[in-house]
Amino acid sequence: MEVGFLGLGIMGKAMSLNLIKSGFKVTVWNRTLSKCEELAKLGASVGETPAAVVEKCKYTIAMLSDPSAALSVIFDKGGVLEQICPGKGYIDMSTVDASTTSKINEVVSAKGGRFLEAPVSGSKKPAEDGQLIILAAGDKELYEEIIPAFDVMGKKSFYLGQVGNGANMKLVVNMIMGSMMNAFSEGLVLADGSGLNQNTLLDVLALGGMANPMFAQKGPAMIQRSYPTAFPLKHQQKDMRLAIALGDQANVSMPIAAAANEAFKKAKGMGLGDHDFSAVHEVVKIPENASGK
Amino acid sequence: MEVGFLGLGIMGKAMSLNLIKSGFKVTVWNRTLSKCEELAKLGASVGETPAAVVEKCKYTIAMLSDPSAALSVIFDKGGVLEQICPGKGYIDMSTVDASTTSKINEVVSAKGGRFLEAPVSGSKKPAEDGQLIILAAGDKELYEEIIPAFDVMGKKSFYLGQVGNGANMKLVVNMIMGSMMNAFSEGLVLADGSGLNQNTLLDVLALGGMANPMFAQKGPAMIQRSYPTAFPLKHQQKDMRLAIALGDQANVSMPIAAAANEAFKKAKGMGLGDHDFSAVHEVVKIPENASGK
Amino acid sequence: MEVGFLGLGIMGKAMSLNLIKSGFKVTVWNRTLSKCEELAKLGASVGETPAAVVEKCKYTIAMLSDPSAALSVIFDKGGVLEQICPGKGYIDMSTVDASTTSKINEVVSAKGGRFLEAPVSGSKKPAEDGQLIILAAGDKELYEEIIPAFDVMGKKSFYLGQVGNGANMKLVVNMIMGSMMNAFSEGLVLADGSGLNQNTLLDVLALGGMANPMFAQKGPAMIQRSYPTAFPLKHQQKDMRLAIALGDQANVSMPIAAAANEAFKKAKGMGLGDHDFSAVHEVVKIPENASGK
Amino acid sequence: MEVGFLGLGIMGKAMSLNLIKSGFKVTVWNRTLSKCEELAKLGASVGETPAAVVEKCKYTIAMLSDPSAALSVIFDKGGVLEQICPGKGYIDMSTVDASTTSKINEVVSAKGGRFLEAPVSGSKKPAEDGQLIILAAGDKELYEEIIPAFDVMGKKSFYLGQVGNGANMKLVVNMIMGSMMNAFSEGLVLADGSGLNQNTLLDVLALGGMANPMFAQKGPAMIQRSYPTAFPLKHQQKDMRLAIALGDQANVSMPIAAAANEAFKKAKGMGLGDHDFSAVHEVVKIPENASGK
């Protein structure tokens, strides 16, 4: 099977590599073309432009950093729009909001192309291990045709219906994640403030109904006030904000998410935006020089 | 090994039964003595009063329903205080607050007795399966002597230091649980309000870093608006309140827990206090007859 | 002094009437031209289009219902842009967001025109009484030239600096208002729930440091669960959302405003969006059929 | 009219002085008797003990610092209980919780005495000016008999019904106050973070529907980050906590108050407990060394 792949950042590189290793014929493109070399050595073809990739391949997958980059590869000179046409499929796996994805869907469809949004849950490690969770939405036939590639990149893919549902599902999941991280941080600080051992709290949590990989993986580092970035706090805060905006449209009142969002904003204000989102723990902590009662 | 057991409610019955099955010589007592019969048939001795049980056994375990019951078996006529003395150990596994447990510790110690608080995490099913998590605090030697019984009743026991730490650890754990339940409810309702399939959300969550038994077990019922009581909402709200009060003493600011507590209060106000704590989902739900925009 | 006036809704009609009564020579325009007749009888000239008004008058004031209407009178055929030019001033008193106002400023300035945003604080009654508070920002000279008109329409005008500051100041004020309304509602419900007389609470508040016209005016109706619309709840919620978004840009964490916003969203979900924003009181109230404990 | 007065702190001294100036025959007592001298020079008699004051006077007013002091003057040797009897009235104007006041009511009534709780709203300045707001509850006849004294000490008194209602009304009022202070702080910080002039915000607020003495008096100092103590933040936080507990009993969900309470806790954790409650402003402020985005 032949696929194009646009965007070779941390995620895109790992994902396209897995495709190559699994026998896919892959044509890659990246804004900084030098990044294509490593993959070329491993057997990838290189496209000069997104348009060139689309011209060559029936299916083109994109994994870009943000909405702006996702739109650029479509609309810029040499962009996807110049070659997309009936018969071709475009699959955007970038994490972008529903309005960006809808815009791309519109213009791709207008040219007769087929479109699938397919944001993923999981970061660097799952990308390398082919263990991503893929939240696809849009053209159902395209979804079914591209499953072999999804099976290589992820451990599970979901088809969620109309375009926008993939982006929204990811927001819902990340919103729950952000609230849980705050709940966890409050528990850690309360344990400490009450004279309890925080590591014992982790042990107790690990045995009960709330046991989950996130607490287990991030807890020990948080106790050490270490927050190596897997998912930047500023992105988590952005997702909380977008999720709350989504709730706004649907008249869903979400006081826990709102409180968590304000905590992430406080953390951003403290200069922690580029740390891992678990750094929101610092917002909850009692200031060390506090003397108040 | 010979142990006394006070209190044969849902939890106490299951726990004492496990002790009998494992070869412990158990003397039981219950306020309603008729409840002792079933256990007597299985080999338990029956004590007429808590005092009689303590007189007979070196170790007496209690599993009562609330602080008031926990204090009654100590102070009432025929209560524990009449027979507790040097050499004897009293282990209270009821879920009570730190002040109740401290009071019991004080009077038991004043008589020369040894005291251990040992509240558990887990409800009916884990009690029956001997899979409780035991949060012990108080007399360390007594803890070590009673471990054979803990090993029968629980899958893991922790020794947490001074009396009060067991109760407080349980509050911290339940506080995290209550906040998580709210975060989860908000996610479920946002998914629904945004046109996403709630069961798919459960599937996505089950595959990611937040996967946990609580979401998996309660989620499907919550989607059906079914809340069979495993842990009553009014008890969850009480624990949230006590945890926030604990944070008050320690100057720990916990906005997520506070927001969750208010949601549980709202649920109580809606008449859901005796349902499972997952019924807080009803607070988040959009009223069905809503026409607002 | 001669001024144009675009938009004769509830606010615009009252404001232009005050200008006429004070001796201003006013040329009015309204999308539904029939609304101009009443003012024409009182001495106003009528313009066929916004462009016609701008052509005739050195100063044109606009009071439109929302950002979309504010943009239409600029960009549509027969719009302000066709006639705005050096020497002319355009003053938009509509309540719109900073990005709308910045866009208008940009295109008016590009044509050599001068621009002032001047949203107002106050609704129908203050408009009729010439008691509005005017939050002006943009061209300073234009501000000084138009002061005679502001003095007729308002009791006080402020010059706040660059375009956008007027819109943002209004958001800050409305955010405080929304939070206060929630605080007030919670107090009313707590009084009732605690067996206290709510009218007495109003009396006590009226005598103390928190005494304010809003509590005094809305309190008695709220106690009766009556919410005649002075400022629609859905607009209040929109302003809360925009204020929180403003805080997002500035890294200001605002948990009270966030909690208030969620309460307004809940009220919208209950179908109260078109009622007065004081209807958020209904969100706090204990359900009448509640049986929970 | 002859009255006893127990407690000559800042408030009690000002209040008893006003009684003397208005022609009341006052017998004072204070734990540190030396504080009585100044009032003795102005015509007061001095009692050796609370009991001596009660023996001498038909009406005894108390203004103590906290629940513990309020209970001490009742129960200690030489306390009120030794002389209270049918015909005598005891009026406690201290700010204490409903349970303390109920306890005092119980023992005073048991001796045949009459009891009125009468906490006040207002601090030093209103006490000096005889401008307190008096929230009385308990014996209605006693209330009517003591009105002449209330008229001297306060600008208005309310009779609120059964004992406990005075304490609870004060909690409701202070809860609204604490939430409003947080709303105000968020507005001030958002104004600053958005490039708006904070003093202009004060001016705008002063002209609108939210204008109130508290914003006017505390705002300018808050902008300067100055928080001279009129009402200590730790007492405000305690009142928020008690109000929320009151809501707990009544099943009233109060998310704004809960969020405000957590902000006050944060402020306490920052060492601001003895500053004015307006110091919660510091919790909202963006850290000055923040570099986050």
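Letters A, B, C and D mark the chains in the order given here, with residues in each chain numbered from 1 onward.
We adopt the following convention: contacts are C-beta pairs under 8 Å (C-beta built on N, C-alpha and C of every residue); 3 or more make two chains touch, one makes a residue touch a chain.
Keep in mind the model is a prediction, meaning the values are calculated, not measured.
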{"item": "A-B or A-C - the one linked by more C-beta pairs in contact", "value": "A-B"}
{"item": "Centroid distance [mean C-alpha coordinates] between chain B and chain A, Å", "value": "38"}
{"item": "Multi-chain contact residues (two or more partners), chain D", "value": "247, 251-255, 258-259, 262-263, 268-269, 286, 290, 292-293"}
{"item": "Arrangement of touching chains [line / ring / star / complete / other]", "value": "complete"}
{"item": "Chain D-touching residues of chain C, taken from the complex the two chains share", "value": "121-122, 133, 135, 155-156, 158, 160-162, 165, 168-169, 172-173, 175-177, 179-180, 182-184, 186-187, 189-191, 193-197, 200-201, 203-205, 207-214, 217, 243, 246-247, 249-260, 262-263, 284, 286, 290, 292-293"}
{"item": "In the complex, chain A residues that touch chain C", "value": "237, 241, 245, 247-248, 251-255, 258-259, 261-263, 265-266, 268-269"}
{"item": "Footprint of chain C on chain B - complex, ascending", "value": "234, 255, 259, 267-274, 286-287, 289-293"}
